[in-house]
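In the two complexes below, chain A is the common chain; its partner is chain B in one and chain C in the other.
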Partner chain A sequence: MAYLELENVRKEFNNSVAVENFNLKVERGEFVSFLGPSGCGKTTTLRMIAGFELPTSGAITINGVDMTDTPPNKRNVGMVFQAYALFPNMTVADNIGFGLKIAKRPADEIKKRVKEMLDLIHLPVKGDSYPYQLSGGQQQRVALARALAFQPQVLLLDEPLSALDAKIRVELRSEIRRIQQQLGITTIYVTHDQEEALSISDRIVVMSAGKMEQVGTPFEIYNFPQTSFTASFVGQLNLLPVTVSDAEGRRCAFNGRALAVGQPIRFANGASVRLALRPEELNLGGASGDSQRNELTGAVESVNFLGSVVRIRVDVGGATISIDLFNERQLVLPKAGEQVTVNFPAESCWVME
Partner chain B sequence: MTQASLPLQKPATIRPRGAVFNWIGVIPFFLFAIAFLFLPSSSLFIGSFQNSEGGFTFDNILGLSQPKILDSYWLSIRVSAVTAIGGGIFGFLLAYAVSIGGLPAWVRSSITTFSGVASNFAGVPLAYAFVAVLGRVGFVTGILKDIFNIDIYEAGFNLYSFWGLSLTYMYFQFPLMVLVMAPALDGLKREWREACENLGATSFEYWRYVAMPILLPSLLGTMILLFGNAFGAYATALALTGGTLNLVTIQIGAQIRGDVLHNPGLGYALAFGMVVIMAISIAAYTWLQRRTERWLR
Partner chain C sequence: MRRFPLWSWFWFLLGTLYFFLPLLGTLNFSLRIRRDVLSLDAYNNALTDPEFIRTFVFSNQMAVMTILVSILLIVPTAYWAHLRLPQVRPALDFITLMPFVIPAIILVFGLIKTYSRPLTVFGLPVVPPLTNTVFSTNILLIFGYTVLCLPYMYRSVDNGLRAMDVRTLTEAAQILGAGWPTILFRIILPNLRTALLSGALLTFSIVVGELTLATFLARPAFGPYLALLGNHKPYEPFALSLISFALTWVAMGIIQFVTRGSGQGQLAGGH
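On to the complex of A and B.
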């Protein structure tokens, strides 16, 4: 049996649906992210697990116990909020020890546990500081320690890094993952940042408009998106308007040019569909007769440096596609306006509505 | 490139002039403060140590130890403390109701508007309003007597007494509390309450360990403000009791302007003592306020 289970969970606010048909089984020790655009119901779902919102219908069980109607202070679930929710009137140590103090644990046990937690978050000397004396990143570490100190059954994080700057965000997310793995705690992580979700999760729940779009490992979500929403929300995606020319033989046509498709085509011949392919699957140059590679030609629109990647946009006649190349010193880049040929492997593209 | 030589001069000439202009705006404030705060305070201070011929003396200050004067300080302190605590508690509950209580928005806006007006309603009009309502022949007094057969004056109530005066002061005291505390209560973040609950705390424990400690400085600070507010009130008390209650402000009025008790030197000393008490209150208020601000950064 799954450790945390959401069954047919639905939430309405004043008759408008925020979350529906939510079914999820999370294993003990698993790290699951909810990923989706703003307003898709990530926070609402998380708050239902924490007990701050009651589902309109459906059930939530943790470790076999039905928690659907249990008040938040009886759930034994730790939560880290987006904004700094540390108690401003307490020191870092008092913040971390608060849950244990409420549980009436002996003072020396609290002290010991607080010290362990401070070591865990790499802030061993900040116990006597007040929250306002810490940086945003340090405050979120403390918030994490506070949520973990009383050994909750499940850890919930609602965009804990969104208020921090990019560098700290990357640093802290691997820190969170390290701590999560070290403690083996079952974790739900809410984010709208796909890179974040891909980099730290065991599994990702992609959400859109209150519904689950797809559940899978980062690898599955990125490489085998099952809906067009997932495909376009996670990672960059080129969409080429094509016509199915031979569904059986996995071929379609773009501007009269035949393209081979790696995945099965579930559309009838003649259907107008879109060919999806990731920018990093494309290369400059011709296919040199390889029947498992497709070729397109067009004029370069722009060349942009994105650090480790160079993104080239090419107008292939009726559509613009992006090509991501690793930024290597020996790279010979085309200029805007130049005619180029690009190629991509058949197995890297698929057809969708 | 010639960039370096070009833009340097302009800011150099503009900035100092800008600085002068920036200060022009606050000059009236400084003039005002000098004319009506600094000069009177220093003349109070000097007057407290001067006899009627203008010579130096400690008589005025020593005169403050007369029983009548000490009584007046004690009475002023009691009235101020009672109305600060009473108005503070009542105002806090009202502020709680409008900010956290989940009432409709119009309730809040009407109570805030009322508080804005009422906190400035003092002096003769306030006194007469209370006389008209709760005086011996006041409107409510009459209704209670005629319809409910309750004679509040028989029962011991007297508008012109200590408690009557305190009740009247409450009219401008609690709205001030509402005005200051409502924003402070708004400042309690939802996350604090939720984090508390999440860590297993009850609502009571949230108030005990988080909300109250955070609010306490502004709560106490505002009560000190109310204390000073009542301590300095003069016209309301004079109009209501006609000078029968021996408050410090009324004593000062009597010493400086009165025909019978005329002793300006003692009046100055009384006022000087008041300034000291007010200064202590303001210092305490500022200190407490700063504590909260530090937390809430």
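On to the complex of A and C.
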């Protein structure tokens, strides 16, 4: 049996469904992210695991114990909130020790544990500070320490980084991952930032409109999206309107040009579908006769320099596609309006509705 | 170069004079109990009158009780409204403003009319008339004062709660294992410190000077004493009103000091 299980969980608010058919098994020590657009039910699901919302139907078990109706203060679950939610009237040390104090642990044990936690979050000298004396990033570290200090069975984080600026965000997310791995704590992390989810998770649950779209490792989610929602929500995706010309032989037609498709095509000949393709799979230049590569031509619309990559947008007639090139010094970039040929390997593209 | 803000100073001085001249007049008068010399005799007389001490102590007791009752009544109510029933907050705002609309004289007659008979359930008396004994009349007085001070106490607490994220703080405490008493006493009340203090001091200065309720419930309070004194002593009432004025100022000074001193707006403020 998995460590944390959600079985057929469903939540309605005044007869409108916020979450449905939610089935998830999380192994002990696993880091799972809920990823999806605003309003898709991530927070609601997390709050049901915490006990702040009761599922309309379904069951939640932690370590084999049915927790579905257990109140939050009896669940032994740690939670980190988007707004930090540190107690303003207490010092950092008192905040971190709060859970242990509630559990009536001896004072010297609390003191020792608080010190360990302060070291863990790299703020060893801030114990006597008050929350308002800390930066946002430091406050969120303290909130993390507070959630972990009483050794909860599961750690829940609801967009813990979204109130911080970009640089701190990246720094703190790897810190969260480091601490999570060091303690081996089972963790659920809610975010709408795909880069965040891809970079720190063992597995990702992609959600949309209250339902699970796909569950898988970041590698699977990015490279083998199973629904068009996942494909377009995670990462950039080019979608070309094409017609299936030979399903058996895996061929499509775009503006009279035949394109080879790597994956099997599950549509009938003549069906209007879309060819999906990641921007980083495209290259400038012709296919030079390689039958496993496809060619498209068009006029350059724009060239955007994004740092480590350069994004070129090309109007290929009826559709605009993005091409991401790694930034190299010897790169010769086309100019806007210039006519270019681009190519991509057949196995990198797939067909969807 | 910036022009000297002449008009600002003019209005400021005018305001100051308007405010302080009567006070100075009162002060001057209160020092003239002896012909041709300034003396503190009026203050001495006033403060050593045993009646003064009795009524002042009584009013202070009533004020402390009123503050306790108000806090016990208002903090849980306002907290629950913030946490679970935001839709009742407009109604609470309205109800707590009623004492501004309904004169104290109407309140006190209502109280007397209702509680000078036994409370009955199905015709059987369950609570004897509250006006029968001194002790139960004091209770009536305290609850009357609580109503009178609702606008101040409720508004302070409401502002204090507004200034903190009640829901998230509650949930953060809950998930760490805290039950309701812990949340209320360890998280909510400490963060309402300054709000409660300013509510309490306002309540205090109102109760100590209150006249109507105490007069009609015939309790030996400071307000009626002061009024009575005014009727047959020339100098002492002025000395006492200056003293109570000073007390009010001290109370306001404490509010100012604490709300400022609590630092960086982290503790929920009273105004």
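As a convention for this text, the second predicted complex is superposed on the first by the 353 of 353 C-alpha atoms of A that agree within 3 Å, B and C clash if a C-alpha of one lies under 4 Å from a C-alpha of the other, contacts with A are read in each partner's own complex, and residues count from 1 in each chain.
Note that contacts are C-beta pairs under 8 Å (C-beta built on N, C-alpha and C of every residue); 3 or more make two chains touch, one makes a residue touch a chain.
This is a predicted model, so every value here is computed, not measured.
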Quick check on the chain A-based superposition: chain B and chain C, clash or fit? clash
Touch test for A:107: chain B only (first), chain C only (second), both, or neither? neither
Quick one: is A:65 in contact with chain B, with chain C, with both, or with neither? Answer first, second, both or neither. neither
Common interface positions of chain A, toward chain B and toward chain C: 50-52, 71-79, 81, 83, 85-89, 98-99, 102-103, 130, 132, 146-147, 150
Can you list the chain B residues touching chain A in their complex? 189, 191-192, 194-202, 205, 209-210, 213-214, 294-297
Residue set of chain A touching chain B in the complex reads 50-52, 71-79, 81, 83-90, 98-99, 102-103, 130, 132, 146-147, 150
Touch list for chain A against partner chain C, complex: 50-52, 71-79, 81, 83, 85-89, 98-99, 102-103, 130-132, 146-147, 150
Per the contact definition, I'd like the list of chain C residues that touch chain A in the complex. 164-165, 168-169, 171-179, 182, 187, 190-191, 193, 263-264, 266-267
